[in-house]
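Consider the two complexes below, in which chain A is the common component and chain B and chain C are the respective partners.
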Partner chain A sequence: MRDRLIFTGQLLFTLLVAAFLVVPAILSISAGVTVNYFRGISSGVTLQWVFQVWELYAGTILLSFVIAFATLAATLVAGVPAAYALHVRAGRLSRIIEEVITLPLAIPGLAIALALLFTYQGFSDFRRSWLFILTGHVIYTMPFMVRSVMAVFATIDIKTLDEGAASLGAPPWRRFRDVIVPNAVPGILAGSLMVVTLSLGEFNLTWMLHTPLTKTLPIGLADSYASMRLEVASAYTLIFFVMIIPLLVAMQMFADQEQKR
Partner chain B sequence: MSVPAGHGVSVRIEACGKTFADGTRALEPATLDIARGETLVLLGPSGCGKTTMLRIIAGLELPDAGGRVLFDGNDMTSVPIERRNVGMVFQSYALFPNMSVADNIGYGLKIRGMARQERAARVAELVALTNISGLENRRVDQLSGGQRQRVALARAVAIRPGILLLDEPLTALDAALRDRLRGELNRLLRALGITTIYVTHDQSEAMELGDRIVVMQRGSIAQIGTPREIYFKPKNRFVAEFIGAANIIEAPVENGELVLPGGRQPIGGEASQAAAVAMIRPETIGVVEEGAAPLSGTIDSVSFIGDRQRMLVSGASDKVLTVDAPNTIKAQAGERIGLLIAAEAVRLLPSEN
Partner chain C sequence: MPHKSFVWLCLLPLVVLTVAFFLLPMARLVVTGAEGPHGLAGYLAILVEPRYRATLINTVLLAAATTVVTLVVATVAGMFLQRHRFPGRAVLIAMLTFPLAFPGVVVGFLIILLAGRQGLIGDLSNRMFGEKLVFAYSIFGLFLGYLYFSIPRVILTIMAAVQKLDIGLEEAARSLGASPWAVQRDVVLPALGPAFVASGAIAFATAMGAFGTAFTLATNIDVLPMLIYTEFTLAANFATSAALSVGLGIIAWAILALARSFSGSTVAAAG
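Entry: the complex of A and B
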């Protein structure tokens, strides 16, 4: 009897917390498919707002993905070799570099953005192109890639594997291709999902770096909240959810799989 | 010109020392020659610099300035490991988890650009040689410790290296398996006849496998010699005590006789010395009737070991003597016995430290 009570209590509490998190999202999303929000769902269900958002912001959404995958490419190309080098080389310099790469985790996005604006204020073409946002995103997401790859290296003694391949005659680039990268795949995948998700959802930094012509999903979202009718903004949220939820689910599934290994 | 026996290269290490970046002096400058086809064992306690020396030979570690590594007389000091053609077996085996057993064994051949068919044939040859048939398509994490060890060996040998370098290849295995694989490894090394450097801290492994043994102590070479030399003619107390069991006796010598509480033991010659250090192996001491030998003592205890019995004898020397007697002798604790020791079996050691 008493156990039952405790269980019911716990269940209720959990549901309450879940509702606390989910209800606003559901409300917001449902507003996006309602004909008139102020009259409620009884006014009818429509996809017109979604289409309107798509018309207005398709470019923004596309750019967001371009930036996310460009960020991914940059963090892969620079981050995986960096993680390898940092893991293999002991010594103070390596630790300092590791700290520097990790720093953006602790610094507010706004501060990073300001620093970038100061640094590149003279390069107005660069400043105006989407590459400027890309730069910010690469700085911001790099630690996640480097860290998750390094975490895998720490569990498999990659240094000895590398030495083993070297003893068999493999030059450095073949060792990297045949042994290091294949064995770092779990970390690379986890890092990649994180980088893409973070880049798609990043607001702080991007807000400071964007121009009217270079906007990403979250910036467009803020924009529509500020200047459109509520239904449009809500439809935007819906689109955002549809884009980002699969990524989050993939990330979760991936984490589960790692736990099972 | 005489053609040297065996396969592979001869190795010369010249004044190779190693000081690590943090200041650790892992190896005092050492010079060592390894003949073509020879199996040389680096033996010593943990931390004495065995792995460091092996890694310098492999090319994984650069010796301090002034040190040189030569293969067949060619200076290899600055040649990276991938161009030294060495086969290496790591203590942790370092098998690639992302490849099958066959791909692991064939990796070095693939790097060398060997055609697929030829490669498969060579891999099959090694699989047969190392007794791992049927495991070719397994992943390495599906292998037992002993199987991993064989795969690592097959992979190292596949490339027909100039030298085979093995760093404690049996240490990760349990005792019974270790004994079995040791014999197998010995046969394999003899059959290959390739220059081999074998690191171990296990003296019986060293005795069985080594043509010569290098005993190392705190970063320097204590003695180099055949197993017999190392065993019967240790150069110092450290070597004597590290290899097998040894009675170390400190006593004066008068006219070629060790003066002991239990009698005077001849050691050959006529020399005299106020304080000498002598070594006597337990199995070189014969147990006889009291009075039939110059030395006598009392049995403290007898333990039956199977192939022999180990007696602890007091009164003969100032310390208790360990005696390994044949298992046929009947003797009990408390009995007085004579200890018959040939003069040649007593070895004087330099009285250092």
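Entry: the complex of A and C
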């Protein structure tokens, strides 16, 4: 009887917390397809706000994807080889490098963005292009790629594989391409999902680094929250949810799979 | 090419990127912080100047309150979800963790939908008591927003820690006559200590630096990231904004480093 009571109490509490997280998201989704939010859903269901957002902000959505995939490319090219090097050369220097590249997780994005601005404001072509935003995203997401790949290396005996291939006469770069990278695929995939998801939603850095011509989706969102009617802002948020939730689901499935192994 | 130089070559792109776009800019930030009219003393302004100090205290209190409430909520819910199996459990876990990747601005907007001028809470309170409750733009709204993005992060860590608990210890305590409450207090909670320190530090550091949520909500609340932003854009007070950023960065980093020396690894992501 008493256990039953405790169980019910905990269940109700957990449901309440879940409601706190889910109800606002549902409000936002429903507002995005309602004719008039003030009068409620009975005023009718419409996609006009979604189309309006598309007309106004399609550029921001496109730029967000461009930056997310460029960030992914940069973290793959720089992060995967580095994870390998940091794993095989495990020593004091490697630990310091790992510490330094992890710092952007602890330091607020606002501070990193200001640092980039003070350093590169003189290079006006660079500062005005979307590449400036890209640098911020790469610095911010890099630790996720490096750590995710290193976590895979820690579970397999990469040294033996590497030496085996070396004894067969394969040069280092071929061993890296044909032995190391294929073995790191789970970590590369998990890291890639994380990098793309974080880049698509990044605001703290991007708000300081963007220009009127280089607006990403979260910047457009902030813009619409400040100046558009609630329905338009909600429809824009709805588009963001549609983009980000499949990535989150994929990430969750990936984590479950890893746990089963 | 010998293997050793190949390994160094593998590190090269990362090192170049990190030096050019992180280490150099950070050094520049520290230098800029000392370029104001007061020189190096500009760094003391965060503690000495009454307005900055009040903002710092405000931010620390808000982050601390967020951390404590998040830990309590996440422990109750996380323990429940990890210890019981029931239909719908997977859905409930998904609901509690999906806001993990929401940017701070979106969280701010969701709080407006909940407690803003056209919000759900105001609507309900209007119908029930004839009075519209609007608090999205107050410090309580900001607190609610910080809770919103902290709970998912902390709940995952707590659930993982509960999974690793040794149930045998609890059974032993019970068989020795300990009440359920005593088992929780003397066996379960101490064993979760490292998880509390690690996830609490993440929640605190994230709340200290959260900019997006404050940007959407805080029309008249002073928190450190908003202060830095207004000093930089409105007042064009570059040295002060740089000094305050360095201060904020050091606080966030120190909290995480301290927690890590207590309890292993911690990973944060900005909110």
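We take it that the second predicted complex is superposed on the first by the 258 of 261 C-alpha atoms of A that agree within 3 Å, B and C clash if a C-alpha of one lies under 4 Å from a C-alpha of the other, contacts with A are read in each partner's own complex, and residues count from 1 in each chain.
Everything that follows uses one rule, which is that a contact is a pair of C-beta atoms (placed from the backbone, for glycine too) under 8 Å apart; a residue touches a chain by one contact, two chains touch by 3 or more.
Computed from a prediction, not measured in an experiment: that's the story for all the values here.
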Exercise. Overlaying on chain A: chain B and chain C, fit or clash?
Worked result: fit
Exercise. Between chain B (first) and chain C (second), which does A:Val179 come into contact with in this model arrangement: first, second, both, or neither?
Worked result: first
For this session: Please work out whether A:Leu209 is in contact with chain B alone, chain C alone, both, or neither, and reply first, second, both or neither.
Result: neither
Exercise. Who does A:Ala165 touch here: chain B (first), chain C (second), both, or neither?
Worked result: first
For this session: Tell me which partner A:Pro24 touches in the superposition: chain B (first), chain C (second), both or neither.
Result: second
For this session: Please tell me which partner, chain B or chain C, touches more residues of chain A.
Result: C
For this session: Check whether A:Met150 is in contact with chain B, with chain C, with both or with neither, and answer first, second, both or neither.
Result: neither
For this session: Tell me which partner A:Ile239 touches in the superposition: chain B (first), chain C (second), both or neither.
Result: neither
For this session: Check the superposed model and tell me the shortest C-alpha distance between chain B and chain C, rounded to whole Å.
Result: 6
Exercise. Which chain A residues are contacted by chain C in one complex and by chain B in the other?
Worked result: 166, 171
Seminar exercise, completed: Per the touch rule above, chain B residues touching chain A in the complex are 21, 58, 60, 80-83, 85-88, 90, 92, 94-98, 107-108, 111-112, 155-156, 159, 165
For this session: Would you tell me which residues of chain C are touching chain A in their complex?
Result: 1-3, 6-11, 13-15, 17-18, 21-26, 28-29, 32, 73, 76-77, 79-81, 84, 86, 92, 94-106, 108-114, 118, 120, 147-148, 151-152, 180, 205, 208-212, 215-216, 225, 228-229, 232, 238, 241-242, 245-246, 248-249, 252-253, 256-257, 267-270
Problem set entry | Touch list for chain A against partner chain C, complex | 6-7, 10-11, 13-15, 17-18, 20-25, 27-28, 31, 37-38, 74, 77-79, 81-82, 84-86, 88-89, 97, 100-101, 103-112, 114-116, 118-120, 135-136, 138-140, 142, 146-147, 166, 171-173, 176, 197-198, 201-204, 207-208, 218, 221-222, 225, 230, 233-234, 237, 240, 244-245, 247-248, 252
Exercise. Mind pulling up the chain A residues that touch chain B in the complex?
Worked result: 90-91, 156-157, 160-161, 163-171, 174, 178-179, 182-183
